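Below, chain A partners chain B and then partners chain C, in two separate complexes.
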Partner chain A sequence: MAEYELDCMGEACPLPLMKAEKKIKDLASGDVLIVHIDHSCAMKNVPEWARSQGHNVEVDEVDDGEWDVIIEKA
Partner chain B sequence: MKKVWENISKNRYYKMVFKNPFTYITGAVLLSITQIALFAYSGNPWGVSGTLANWGAWIYELFGGSVEKWYYFSSSGAQATLNAGILNHSGTMLNVGIVGGALLATLLASQFKWKKIKSVKQIVAAVLGGLLMGYGARLAGGCNIGALFSGIASLSLSGWVFAVFLLAGAWIGSKLLAKFFM
Partner chain C sequence: MAETANAPVRRSIPRTTTRKKKKSQLPIAMIVLLLMIAAGILLSAFKDSSTGMFLMFGGVFGFILQKSRFCFTASLRDPCITGSTSLTKAVLVAFALTTIGFTAIKYNAFASGQAIPGMSYVQPISLATVAGGVMFGVGMVIAGGCASGTLMRVGEGFHMQVLALVFFVIGSLWGAKDMGWWNLNVIADSPRVFLPDVFGWLGAVVIQLLIIGCLYVAADLWERKKLGIKDEE
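Right, the complex of A and B next:
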């Protein structure tokens, strides 16, 4: 159950989504990927994509305009 | 006082209207209603990028230039708009409203943040992309609002033609994005 982080601060859509899609391939089932974002549309499209893939997703608002999208690979 | 704000931030209607993003359907319905209202009120369909060309002309005139002989501004209508000045330009008010409204929305949701520029690459891409989009929008006679959204809303075939080429451009753009930023 490893934990990975992906820093997407300061990156506009659709880069956070593209990076998360690429990174999740390195994970084993049960591993967790935490994506740091500060672009509000990524707060919508990253969780939507992850849920559509069947992963467990939680979004944590860490500060004004900053979120952690926590994805547990299915 | 802090307690009051905390209560507001937990309020279900505050969350629904200001905090959580609207669904695509809600957004589409609101956009449709407001663009009909705008069309009924002003007699013109909604557009964004044509105004930016006018801003360019006004800035050029500010520095003593003249665009009278430029083909793009040569019609009497375009000249009348330029001569009436920026304060009487409804498109300018709409664009300022977009920026002001976006700022207000992000403040109301407590999501305002100054973002860092990560690399020079981001600046180069933004400037090149902006120039290409602006130039392309003028050649096409509209952007994704004036030509696509208002075009399709007017039941014009041109809006759908625009959509096909916009998708082609977006596909090429996404390939470039993957090549230079991934």
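Right, the complex of A and C next:
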């Protein structure tokens, strides 16, 4: 079960989601993708999108205004 | 499947990074709140009470916008980029509620013989609206926020939105300067339609809510189509 990281720090609204969408295609089922974000919009729309696709999602607030969105591919 | 139980995600590498101790921002929040209350009282005392109320409304709107992550920009951009329409539907719900609310206010004034407030906002429908809409749409997607979103994110501390705010002001001033030209050449000959004049008070509300309802259903179908297809891969 591989773990991939995606650094989206300092990126504006749609970019973290678009990058995550692209990257998740490379993952096999059961792999984990960790997206590092510091934009609060992405903190909402990335998990929402991932859940709508059927993946398990966890959001971890590492610091004030920084989050790790942990997506496990279904 | 749209809904999945949120089972905890198994991680191969356990989290070993130590968390930086977060400094509490609560004292700053208290100070800012007191400053806003003081500003509200001073405005009410030295200007008039409605200015103080505007400050309160503004602060409350900003708080709600920030906590709910409501975003007008995302409502129009996401259907094109990711296919998600949850914010589009939220904006439509907001429109429906304000339609009912404003009709109530206007009808109340009309029925009691007073001047109807807000009639200056019944603007002619013309190509100026289209041009402005296209420009604003492009701008807001690039800037990452519309008017309310930009102000809200300036409050959150995003540097990009501070830059957007500067150009927001410049753009508004430029628009105000050119408004004369637009008025003369594009807007003056365009019709000014106030729906209750055409359909009656009840008719206007019903028709507007019906249109909003149809848009809501369309947004829902769009999302199912755009996101649903991926589930079947």
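The rule we apply is simple: the second predicted complex is superposed on the first by the 74 of 74 C-alpha atoms of A that agree within 3 Å, B and C clash if a C-alpha of one lies under 4 Å from a C-alpha of the other, contacts with A are read in each partner's own complex, and residues count from 1 in each chain.
Rule of thumb we're sticking to: contacts are C-beta pairs under 8 Å (C-beta built on N, C-alpha and C of every residue); 3 or more make two chains touch, one makes a residue touch a chain.
Quick caveat: nothing in here was measured; it's all calculated off a predicted structure.
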Combined model on chain A: chain C and chain B, fit or clash
clash
For A:22, select first, second, both or neither according to whether it touches chain B, chain C, the two together, or no partner.
first
Pick one for A:74: touches chain B only (first), chain C only (second), both, or neither.
second
If you stack the two complexes on chain A, which partner ends up touching A:40: first (chain B), second (chain C), both, or neither?
both
After superposition on the shared chain, which partner residues are touched by A:3: those of chain B (first), chain C (second), both, or neither?
second
With both structures placed on chain A, which of the two partners, chain B or chain C, ends up touching more residues of chain A?
C
Look at A:65 in the shared chain and tell me whether it touches chain B only, chain C only, both, or neither; answer first, second, both or neither.
both
Chain B versus chain C as contact partner of A:56, first or second or both or neither
second
Residues of chain A contacting chain B in one complex and chain C in the other
14, 18, 40, 43-44, 63-65
Complex contact set, residues of chain A against chain B
9-11, 14-15, 18-19, 22, 38, 40, 43-44, 63-66
Which bits of chain A are touching chain C when the two form their complex?
1-3, 12-14, 17-18, 21, 32, 39-41, 43-45, 48-49, 51-58, 60, 62-65, 70-72, 74
Quick one: which bits of chain B touch chain A in the complex? Just the residue numbers, please.
21, 106, 110-113, 115-118, 122, 174, 177-178, 181-182
For the chain C and chain A complex, residues of the former touching the latter
1-4, 6-13, 15, 17, 19-20, 22-23, 25, 66, 69, 71, 73-74, 77-78, 81-82, 84, 86, 141, 144, 156-158, 160, 227, 230-231
